[in-house]
């Protein structure tokens, strides 16, 4: 039952065609989600500037293509994550303004480039092997309206390279830190700044890294209290959460 | 070498008592951390209102008492986490304004109660057994200058109790969600709001909960992108990170 | 807003005191869960005969006592699981018709003993050490209105003891199988019957049983397709699910 | 020794050709399973309508083809699970009425379509990536004589899409819920209905999903008591168990 | 139905009081396990000399006492494993010939001391902390009729102490090796002898020994092919299996 | 120093060219392993009939070919395990009497077929997917001089198929049981016989089988005390250990 | 056969009482370990200054007391690790020069205090909760003849406290780093120095620290290549290995 | 700000062009890491002879080629680990003195072959499958200026082959031990020598070796106290750490 139906019902009540008890009874059987209101969407305004996102993994090329087409008809910005190069090639052909990022396998249509975040989001990564995850975080944060400051290749075993960038770190409003292996970088950065730090363990490493588990556990046990953690390799989630924080 | 020493050196340079090369040589051997400046403390202002925190676990009663005493001589607000009731009793005797929270085993001296967070921090928990962790989060967020809205006992298996509170959830600037067992609550809440959600897995449960591991994994795999996670039972960390976000 | 308020609103509509648009607007802001209807409770009838359940673990004696008192004022049957003997003693004093089961630490007030299940629920356990879990399942199934056939101590290493009971197994409408160690019993029983089998891994064992993990994994990998699994030591959950199946 | 042999023996006893002791001795050495009776097959009637099932994984094309041929000579309905597309192609050529389901890699010959389940089995999945597992469950439940109501793409982070379908959920006699990632959907659905819920963790996800382990643990720790669990990706097992329940 | 009943039936057949079809019918409904024969007990003779065994863990003192009493009335040898000292004290009072072994918490009544094993069983342990498990193995092997050669405290890091005993090792027909920590001893011994080696991982160690898991994995991956493994701390199982092998 | 050198030394002692102290001193510095005797090879006789074994995995084709060639020059029987089909093809060309077993990827040259085991070794497997592991066990036991009785496809969910073979099981002197999924078969067989049972978990299964871990844990926790366990998929080790037991 | 026997044999050879072949034969049957020489003890000299060590855990008070008494009769320095306070009290009474260290539960008799290490061993710990493990390392390294420089409470989240000590770190010849939680300290220190770093994960932490597993994995995945790792809480092993390195 | 700038500043101070306070202010804002001194590089001398190292895994061919080119312009020795054969081929073409080691996938340019280690580094491996890891260790240790003694194929199940080499082991100043499967070799070798032993678990094995986890746990729990451990398959790290120790 949509609002027209509800209006019709109320008019019947007013006109006497339906008595109160019958109206109550009809209302009683309306599922709330069809009422067209009272939904949990008061934050619609907040959604302004949010891109549409397609999680590409596990979807067929046709599925991705048709979803992307539909979304782009309505929304200026669309992000596809974890998309195969072949499918990406097809989308780039279909949508001239689509950018593909091979390292992170992200694809982005970024038409509305207004800045919605209030400050900078720093995206830091420990080694060059962590770059794909950092790129996914950066691509996400940018398409969600943030200025991103990318700081790469600053592992904890070379602490001076990291300290070299501490001004840039101090200027960021939110910091995303991507690290594999022992996953220690978020703790060190967390101790240098007061900003919220979102730690992204990466599956970089071998042996007892257990595909990112070591880094994940390290980050969860961080002795820096401003660190929160997302899933292994979840650059998208980090970029998304950082974007929300940067709008606060 | 402090600033006075540096000033003296520069004066010797100016006066010619020390030539340039010798001055360079002496500077070369000064450890930077003794220079008294150029340190990573530009965010000192940001630290305003931060309580001093003592992680009580693994410290002896005498250690806790003396650290607390020293900190309280300098700082209006002090938080001690994971403190035994007996030690808490001693501190309450030593500091008349200390409050002890037996469920979470947190102790707090909260003299400066200025509000530093810009909005409300909601602290939600799934079941009554999650209350100790939620309490630790609340105690932390409050002593860090936040208004806290505590919403208790809203598990996912009774989705209507949760939906009943969706206005309060929508009003929070940051949301902390504590849940054990399957740890599904942050995902559901994450889908209802646009605020950052900090998920705290609790060790509540038995059997295949593996002391919070099930909840932890659930939260890391949340299908809601605004969820970040802290360590199992880490109410303090969630309260701390939420406080930083609420100051943004 | 309850039904009275809604009725009043409709009456104002009928009387013209409120016009349609204003009524729509007021309805729009009513949260659905306060409407007093359209809730997800059409299965209220199905709930007939369900006992109230208190999960005792992690609750204080006062909490348990007061919750139990409140529930017993409204409901004929109440089940408390995982309750300490001392708290159980207090409840037995407070409620003369409370039974305590020390092995499973379950406490039950079972006033309404009507049979709601259509057949028998068999509760099978592999060894005497599995008895506490089996007892929790039995106590639960009984208080939910089922006739229970308890078959004990029929491990897979003595297959003839098990086969001896195959008639009783064949007569059960639903079968709960509790087993620790290798957890093989549900597979063997599942192969003997066509009824749904609910497997309950128990934490019985030592060493590489890993507190029930071995049994749990064994049951999840059962080669019998009629086996579903609940958490380690979750006799209550098995009894509950079996009761629902037995009402089908 | 079959019944004819036994009859012959008894006739010899009656005729005196064999004395009692010799008859006892001969009976003593008959393996019971060759007696042709006293077997554990009193539930043969219950087996009516059960399809023959071939677990395709790990079998060679020739093995699958010859087993399927033999079974189809005797049984109207045959289900092959986890079969490679090439082998499926061969079977479709060999049996004109075979249907292949590429997403789930299931193949079905469904000649006898009588309804044996008393109500509807709902098959719900959280995301499009869970569809293959849901399809396996649906294909199984259908070929076992059930009407299936498929409800797709209702994740917990969009609770309203789920609530939109609560009438359909409430009408199902048994509900299968397939979910990967955090595996929270069965808990939420379990809280909405009184029907038995069979939870199927899927290996959908990445990183700390650990190929379905996170979802599995979540489901085992469900706070909804009507949830039982099968192995990761075991759509077949869920469909099978649901079919048995729906015949109750 | 026992043999007498069957004999009676056959006599009725012979006498004509029961016709063939009725006899077949009555036989058809006899469960095989009540026939008194055709059971899986042809190895009854092999069981000669087997002690009765009570797994003490998880049983109440009364249960253990009454089971032990009943068994001792029929069987010369009884072994109780994992029994609390207090319960052991009670049994020692009840049965004058009971021996209690505090390290392993085993209790034994060993009246029939005939040797049933054809050679010696060596029980080797790596360190003094492994002694309780070795003792359980020795007590078991002895009460099952084996001569045991106990070789203690021969860890792999002192390879010469081990080599010193190689003659004794070479003389054993079966070798049980108990080791915690890295669990390397069975591999080294397995390389020195041609006898079957039964490896018992012990829970001795700390940290990354994970309560015997490290030793267990080490033993399962032994590069010596004559090594088979039992559960962590399962001295009883090793003694039992070794006894069977020593009778071969 | 070889025996010739030692003989020369002794002759110098006898001839007086070297005095006792000098001889002692020279002996003192001889490493024992070069003495040519006093080695740990008194069991050389026991090694009679042992095939040479090459673990093919991780070796290059050239390595395997040259090792096999060298061994076959000295030893009648050679077994190569886990060899690629291509390398196997090459060996079959090089050695006309080599047999290749594609399912288990074992290759065998079996020239000396004398029976060294005293009885039969039964090799039982639960399902057809376990056949490769069972084949490796059988090929190993045969080439080590044992008569093998292969019993296939007797899973615990069809207990009657298993019981059908109990005579054959009872006749075996040692039993190897290969099973994946829940790994329950060794427990059931262990309860039926008094022979030593060697359990081989296989990596057959999916999801929570975790590549054989579920079966491994199940077997380690077997409630049948005559069960010992080898590594996952280690058919060779089981065949080897069984062969040693069968020679006892 | 000891040296006297060997001397006697050689004398018989010289005297002609035994011929060469007979002497060879008799030598052939002497087990090497009884020869009294040719043992693997050429490094006896290297052992100079090594204390005798008793691993106290799992030993009875009487065992510890008698072993300690025997060792102290021969050796100036004895170290007992993981000893209960009560047993320590007894040893302190028995040996007036015994020191007990309650935090680490180590007990030491340190009579010969010569310095055997060539430089300093630094023992660094991340937090005060890591002190017991650091103390065990220090007590060990000292009693093995090393000068120890203890640097405490320098966690990675306060990188400046650590950098403050970099001169002391640079002066150490070997560095032991004890850290729990995320275990990141060895990586940072490893990047600052060229000395070998021995990382000791501690079981400090909670939740997803999993009793030191997180720190252990972090250290094994260290991006600093001069880091090697010992078992969780193994301060003794770190002190021992560092002592050997410091003697190089 | 480099030294020239600092010199200029000091000259301005001396010349009076800048007063003391302004100079202090300017110094205050210089990040220390740009000062060109006071860095943590006092150990630069120690770095003498260190090769440049490129971790090849996860880098593109172009990245590896350009980094290698740049490094070789400055440094005589360069090591690339874990490089694909194709990329290695390209580097061998680009740099005529590059050696490629296919087993370990290491590539080395080794121009400066001065010996910097004071003794020999032994690299021991248990089986031929461990050779790639041992090769990586050897290649690393050599290019870092060490004489390497490679001892291969000395598993613990053939203890005499190992003892045969004990003189060579005793002569090594540092020993690297690579072993998969049960990982017992470092314990045995650790017991034979007083040198530091660096244990490298390899991922060799199958089933319950869990890709090197079994060996890793075994080594961490070594009963030999001179054993420290690096990551699974980390031959490079072992070679690097051994090189540092050998320079001590």
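Letters A, B, C, D, E, F, G and H mark the chains as written, and numbering starts fresh at 1 in each.
FYI, a residue touches a chain if its C-beta (ideal position, glycine included) is under 8 Å from a C-beta of that chain, and two chains touch if they have at least 3 such contacts.
Being a predicted model, the structure only gives us computed values, none of them experimental.
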Give the chains in contact with both chain E and chain F, ordered by label. C, D, G, H
Taking each chain's centre as the mean of its CA atoms, which one is farthest from the centre of chain G? D
Could you state the distance in Å from the CA-based centre of chain C to that of chain H? 59
Provide the C-alpha centroid distance between chain C and chain E, rounded to the nearest whole angstrom. 39
CA centroid of chain B to CA centroid of chain E, Å: 55
Could you list which residues of chain B touch at least two other chains? 31-32, 40, 159, 163, 166-167, 192, 207-209, 213, 216, 220-221, 231-232
Could you list each pair of chains that touch, in label order? A-B, A-C, A-D, A-G, A-H, B-C, B-D, B-G, B-H, C-D, C-E, C-F, D-E, D-F, E-F, E-G, E-H, F-G, F-H, G-H
Under the stated contact criterion, what part of chain D meets chain E in this complex? 3, 6-7, 10-11, 13-14, 16, 20, 23-24, 27-32, 35, 37-38
Any idea which chain A residues touch chain B in the complex? 40, 42-43, 46-47, 53, 118, 163, 166-167, 170, 173-174, 192-196, 198, 216, 220-221, 225-232, 236-238, 240-241, 244-246, 248
Chain A partner, complex, touching residues on chain G are 126-127, 155-159, 163, 180-184, 187-188, 190-192, 205, 207-210, 213-215, 217-224
Chain B partner contacts - residues on chain G that touch it in the complex: 128-129, 159-160, 163-164, 166-167, 204, 206-209
So in the complex, which bits of chain E are touching chain C? 31-34, 39-40, 55, 57-59, 63, 201, 203, 211-213, 216, 231-234
